[in-house]
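Dropping the structure in here first, questions after.
Lettered A, B, C and D in written order, each chain numbered from 1.
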Amino acid sequence: MRKLPDRVWKLPRHEDDEAAEEGIGRILALSDGVFAIAITLLTLEIAIPASTSDAGLPKALLELWPRYLAYVLSFVVIARFWVIHRLAFRLIARVDAALVWLNLLLLMFVAFLPFPTAVVGAHAGSPAAAVLYAISVCLTSTAWAACWWYASGRGKLLGPDVGRAQIRALRARSLSGPVFFALTLPIAVFAPYAAEILWFLAFPLARIVFAWFLTEEHEQPG
Amino acid sequence: MRKLPDRVWKLPRHEDDEAAEEGIGRILALSDGVFAIAITLLTLEIAIPASTSDAGLPKALLELWPRYLAYVLSFVVIARFWVIHRLAFRLIARVDAALVWLNLLLLMFVAFLPFPTAVVGAHAGSPAAAVLYAISVCLTSTAWAACWWYASGRGKLLGPDVGRAQIRALRARSLSGPVFFALTLPIAVFAPYAAEILWFLAFPLARIVFAWFLTEEHEQPG
Amino acid sequence: MRKLPDRVWKLPRHEDDEAAEEGIGRILALSDGVFAIAITLLTLEIAIPASTSDAGLPKALLELWPRYLAYVLSFVVIARFWVIHRLAFRLIARVDAALVWLNLLLLMFVAFLPFPTAVVGAHAGSPAAAVLYAISVCLTSTAWAACWWYASGRGKLLGPDVGRAQIRALRARSLSGPVFFALTLPIAVFAPYAAEILWFLAFPLARIVFAWFLTEEHEQPG
Amino acid sequence: MRKLPDRVWKLPRHEDDEAAEEGIGRILALSDGVFAIAITLLTLEIAIPASTSDAGLPKALLELWPRYLAYVLSFVVIARFWVIHRLAFRLIARVDAALVWLNLLLLMFVAFLPFPTAVVGAHAGSPAAAVLYAISVCLTSTAWAACWWYASGRGKLLGPDVGRAQIRALRARSLSGPVFFALTLPIAVFAPYAAEILWFLAFPLARIVFAWFLTEEHEQPG
């Protein structure tokens, strides 16, 4: 039997280099589509029971408050993934098959997030709901970290002008997500509400980590 | 402990300036996606009960009229946000992190609108439904006003050719939304149907405000 | 009181002329988004009852055949609107505010189509369902005809190279839709299944009308 | 009666040639939209019963495992269609009306896939569910094979630089899908779980077929 060549498991990189522009274009189009839909589908989880009477409507609307909070939380979480995705892909000059699939893995977890959001919205005080949410966001963050570490490391897919400080800062930032949500896992088990409050703080935390590493590098040459 | 630099809380603006083109491209792609989905999801709120018999179908279809009206109203409301978004972003030459997040805030409210639409469609005569709708659109308008005032003011993100009259006209127009929907709030409490009729008038009102300010400025140089 | 200028009711055309490229870009992005979502949402109307047992599954799947047919019919109907939209917008060189709103009117009807599709899928033999479907597609076709007649007529929005024969052929084609679906209305009342079969023929009919007019003009110079 | 010209059944190709760039742009926009939505709608099929109590939540979440698996399987299946679609359309330089409709046929089956996914998720061990899934993916693969064989064969729509080896490899790859899923049909009837495991292997299989043909050709000139 004929021996299969090594490149069975990877698409030829050269081909992607040539048409990198358009190749990235469709990846971003699919990604923006998935982000936009995942964000908008969150609304479908907010609904009043069909049996609600006009008289009972005010109370029914107010009792939905955990779903409003879950909507805002998940919107911010997904929006942050989009913001960092956009920031990082402006530094990425080429794509290869591995990055395409790592990006699809990220999108798989992003598209999944409306489900844990719905569960947290319906069972705000339940440890199981909080644990599911923490695990889901942790996996999404890990997929993003894999994207960025591959693109900036082994994949050598960045443009020539990207500084080492920026790469390191974005690497640290990409790790802050999985680490943070993994750390909130035990809190989610024993105090679901406390974990949910902590998640709202994830945004400023990542910002501080990002700035810290960016600064450190800038200070070295001085 | 090392002191964090000032820019922890804002992304470096320079970086965004360089690649403003493509940066705006993805913001518009995400925005168009969210607008398109929010508009299309409105249809999901129109449904006949699964138990409807063939004989009862005509009556069931006619009884859905408040949902048809709610669909048209919300389609026009969201379409107007898109039209003004498109008009304004043609004057915006650069984006910074603040505008990205203000735009995401706007999208969060736009993506939420299918929910109050569903509530108004199911409870057309209920003050609670009308109040929810008025508040939702008021918040969406406020988010848009914040986008435009920031971009045209402190953010200095407009292109060099944008006239002061146009900026002022769009500022007035962006305020007309929140003010108008806030004014209909008390009407929504006491006469929900009257408020719903008024909302259909929001479109010509904004047009008149826009033209008024554009004219005023044009007459001054003359 | 100061007199309002004439142009209160229309946006200044000049402004749109300048940046027509990008202006059209976002209109097409929104339109493609709405078409893509309307097409994909059709699937949501196909569902088996949650109470179906494993043993009853084959029967339940086969009994859904009217929904499969409704899915294919509506997919082809919406796809045809997209194909003609794409064909016509390649001839349109500029947009003004009127075309933007006529296009939004078209999208409003396109986004509505999943609802009549669901009704026809659930009540295939019901005259009410067939009438609703015929009216919905008739209104959608009319909105498209309005778009094209405005763009190619009063709006003067076409590029300089567009031949008169092509304009006339597309005008005839845009009218064939509303006329055809209006003619099937009485059939839908008395023989819903016959109307549904006729609708599958709408595609070749439009093609023949289109070619007829294109040919006629080409023969005149000869 | 006037004789209809031959080209009644096909749009004039010339017209498409001229503006091939932009024509392809909208086809890809619609395709990416449908892929993104089909992928994201898969999540809607994962839901816990509204009657689940907080105490019963952990069990309810764990019992959803067939739906998680169905989600991952269908995400990978649809993602693969997108990856090959993107790869092939980078070699396609022109589109004509036939390819537009073949591509729409592909999108019709892609947009349908959330339904068999939901059925497999709800009835993992049922032969009927597995057969429905195999048939759906088989039809989708066949539509894709038709796209590629037409574009690379009779349609003559490829760019001038595309090598014969690449065309043949992609042709073989496009056939591997329908053949593979058709072969799993009898397995789906008698051992649904075995078929579901096999489908997870479809990805590496296609990769091997692709590399095999690419290699064979490269060895001939040597």
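The definition used in the following text is that a contact is a pair of C-beta atoms (placed from the backbone, for glycine too) under 8 Å apart; a residue touches a chain by one contact, two chains touch by 3 or more.
These figures come from a predicted structure and were not determined experimentally.
Taking shared numbers over all numbers used, the subunit A to subunit D interface scores under half, which places it in the different class.
Rotation relating subunit A to subunit C, from a C-alpha superposition: 180°, rounded in steps of 5. As a whole-number value, the distance joining the C-alpha centres of subunit B and subunit D reads 37 Å.
Work out the mean CA point of subunit A and of subunit B, and you get 26 Å between them.
The set of subunit B residues touching two or more other chains comprises 29, 33, 36-37, 41, 44. Within the complex formed with subunit B, the residues of subunit C that make contact are 2, 4-5, 7-9, 11, 19, 22-23, 26-27, 29-30, 33-34, 36-38, 41, 44, 97, 100-101, 104, 107-108, 111-112, 114-115, 118-119, 122-123, 125-126, 128-129, 132.
Looking at the complex, you find that subunit A touches subunit B at residues 28-29, 32-33, 35-37, 39-44, 46-48, 50, 52, 54, 57-58, 61, 71-72, 75, 79, 82-83, 86-87, 90, 207-208, 211-212, 215.
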